[in-house]
């Protein structure tokens, strides 16, 4: 149950079977930092080239292919007062002909006030100047060593996690990853001070962070896709294009979960989901999109 | 400001430029009934062949192509104690290979207790027997006469509305439809006692209802897709496959709305949506899927 | 075995259960004309509003739901010396960001020399001025009364046919349509002097035509999607978005055909298709895309 | 202009920035062998674990990011008399509900007679027993080191090539790859004795081969996606899901090619493609699908 304080010195823009930076044990906690998506640190100094650079990988002792890695996100704190975003929706989230009406893309800055819990556009004109959003820090991109020794760009996502940009990957959430590599090889980065569903401008409010997480292991428990748990929901994540396919992955994974852990069979799980499932949209900007399938713990509570 | 009590005698399984059943004026209220998706009424008698039969169309005096029809859903009350659903997720919402594991499809019954506000599976075994869901009545399929004199099956959806199966089409919600036909020609039907996101078993808890709605007109106000408003959100609806395209329609429509009515331009609307948009999934069972793009009224309130 | 000479006086921009213009018998031949997609006739006079106006519908005596209508396209002859097209690829067939580089859309004219069999851009600059394409007349949009009494826009396609824009819908091809309406209700229009795969500029070389076709009936033979036959291939057509789904429809329909008429079962049909199937792309511009699944008659000839 | 005879000793199931097995110069020829998709060699001995194992990578002297690698496929000769395939179409290429009718998947063997040029199912019953297909050897999976140091599974494809399963990747075809890694790092494998479009059973007739290819380099010539050239066509390749997006990539790449090398601008290239483009379907089985955009050399010949 050690707490490790780890200061990264190098970063990866693929999630892969890279040399571990630290070996930790199930039960351990890590306090570390992440640079922003562009590779800048707490001082807005260029620490590494951009592209969602990842801190890690962390080698979890005892983790083997076929296990499940448990990551509890304990805290995500932006460690500087300014983040950045882009100013225009991505061409792939609007009607093709409407792309002709999009302005040029540029970077805009957002102030991030951790004390007051407020994120606001800097130098904004018009109605945007009046908008103040609640601080809602999250991890855009994190995951484990992918299937078959791959090294997959942090611009995308798959069974191993990656650039999922899901708002509920926030403090208090527990995430379950399928283990494909010895030691699991957990990477993390790409903090956002806040973000809308879908990351439709191609960024959240990108910012460097201090992050605290703890890990655990479910030996011999095999899952197919990332899963998670908040105070209110259990959820599964599918990463693919089109969104229809991401939804298929997430829904299938949820049925498997309900059948293996909650006493359902495919038919009763279907009946439950048909009348009670909820979906959230993660990233719809990257090569793979992200869809989340959720079931309320309130509904599940009735079962016990 | 008349209140019409209308008892339907015939129904349509297309939404089209059909002979109106009643002419009403902007400001009027209608109290009527809908049969269930299979064509059964309050007595579970077969009133008409199945396939989301629609009550209507109602001709709204003064409505012309290019206008916007406003429909306020005031009340949806199931008028019998039992609804039905199917028992197995649709083949198109799970991984293709997982379809081999799906059981045969059959109809299952759900009890609907309007007094206590509870919906529960009847004759359910195992964990499903313990699940009680809150009553949450909604309209699965409703809309106006489509573009260009089409008659479009109530199994699908498009710019005119149709089988969108979105949970927020419930009492208290105001819906805006683009008018394509003289008199708008409003149809409604396919009530659900409750439903999960996506209608992934191909049904909600299908039931006949008493429905009360009022209509209004925005002369000369032209919109591209259905829009709506609840106490907490404004939203836009896109209907298409894949979901990616439905999302493109809904997002583009929201940008147009923010620009025309809230003082944004494309760039500032992008910045707002990038950090504050939310998406809901409507139907993912039909030929056209439904995606909803939402902005919180709390965020918009800061603007005034 | 009558030959009817039919001169249309009105046209439809939906394919629906419209009043028939002529009743014909299985075995009969019809010689008629079609206006171009914009509604102009052999004199470039505006005969009717644009939008792929259809000649028909023709009522085929004895055709009932569940039958198959056989349409042999005997001749398609452009009846004027000039067609038109648009000048820019549709926004939906290029990378979303590339849409920013597309020029404005306008109409360009192409000369159509039926004698010499040549189609060439008029007033073209640069390399296009040197390009001469072979005349290859085809029907862009044709079909039968759709399922369930629908009236579906000629801008799209479904099980009933419609705007499929497949190059092999040319003279010599036999097309099989599922019959949904009494009398089948055959419509035709939208002739092209030539066209690339996909109709990616949103038009072929649009032109009015004289068309000769004959009809026949397969009583009690039920099919799911349009099928066809050329001298070299049998083929099936799927209409949907995304293309993946159109391909699913066409492939499933081909397996059913091989099983019902050629002595295969699903397993042997799979083995044959796996090593010998061919796909062609029809329309990728419309709300529904078109994919064609083909098997060479040379391969099938070995079976008999 | 050296000819290298290279006998592989180890293989990769990712295409990545792996240690080169041989350094070759532009103009050189390589004669080597590939194992089949399952890792078996000319003796049907298990040479390496399965999953499209790749021979290579070959380091091409002087190749740097931003260049184009030219690979001329000179010969692909199956080096044993028997290949294998699966017996059932993949669940993702048929209608979701039809998956319920698919038989279990198993391996079936096909005889491959290189002398007579014939491929035929072994132990086949019914009509399949009579089918003889022409030998048409091709490479299913080949490519160069991917963008950004990734190692991408040979089960899929992207800008670097990979598992594209396109029938025209055969002897006589020249392929152009964008170079992302120093030395380009060319990999090849996954030979098929023949294959239908789409590789819809998830395999061609999988077989080990002797392959001869030569390489060249276009210094400073940057392309976005694989391109190619046969005796009759120039073509571009897009790899993505859904097929719609693969088509977008391929079409955009073809427009860029016509503009940079053939004197067109976007408008005239659009007009040409609109009336003369052809599409072929590559793999529709893998995580990424493949669409090919072609222009006939006969059409282009008119330009010079």
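Each chain gets a letter, A, B, C and D, in the order it is written, and its residues are counted from 1.
In this section, a residue touches a chain if its C-beta (ideal position, glycine included) is under 8 Å from a C-beta of that chain, and two chains touch if they have at least 3 such contacts.
Fair warning: this is a prediction, and the values are worked out from it, not measured in the lab.
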| item | value |
| --- | --- |
| Those chains which touch chain D and also touch chain B | A, C |
| Longest centre-to-centre distance from chain A, chain (CA-based) | C |
| Inter-centroid spacing, chain C versus chain A (mean Cα positions, whole Å) | 47 |
| Distance between the centres, which are taken as Cα means, of chain D and chain C, whole angstrom | 32 |
| Inter-centroid spacing, chain D versus chain A (mean Cα positions, whole Å) | 34 |
| Sites on chain D at which at least two other chains make contact | 92, 95-96, 102, 241-242 |
| Chain D contact footprint on chain C (complex, rising order) | 85-89, 92-96, 98, 101-103, 108, 110, 119, 121, 124-128, 130-133, 194-201, 203-205, 241-244, 247-249, 251-252, 255, 262-268, 270-281, 284, 289, 299, 302-303 |
| Touching residues (chain side chain A, partner chain C) in the complex | 90-92, 95-97, 99-100, 102, 242 |
| Of all residues in chain A, those that touch chain D in their complex | 13-14, 16, 51, 147-153, 240-242, 245, 287 |
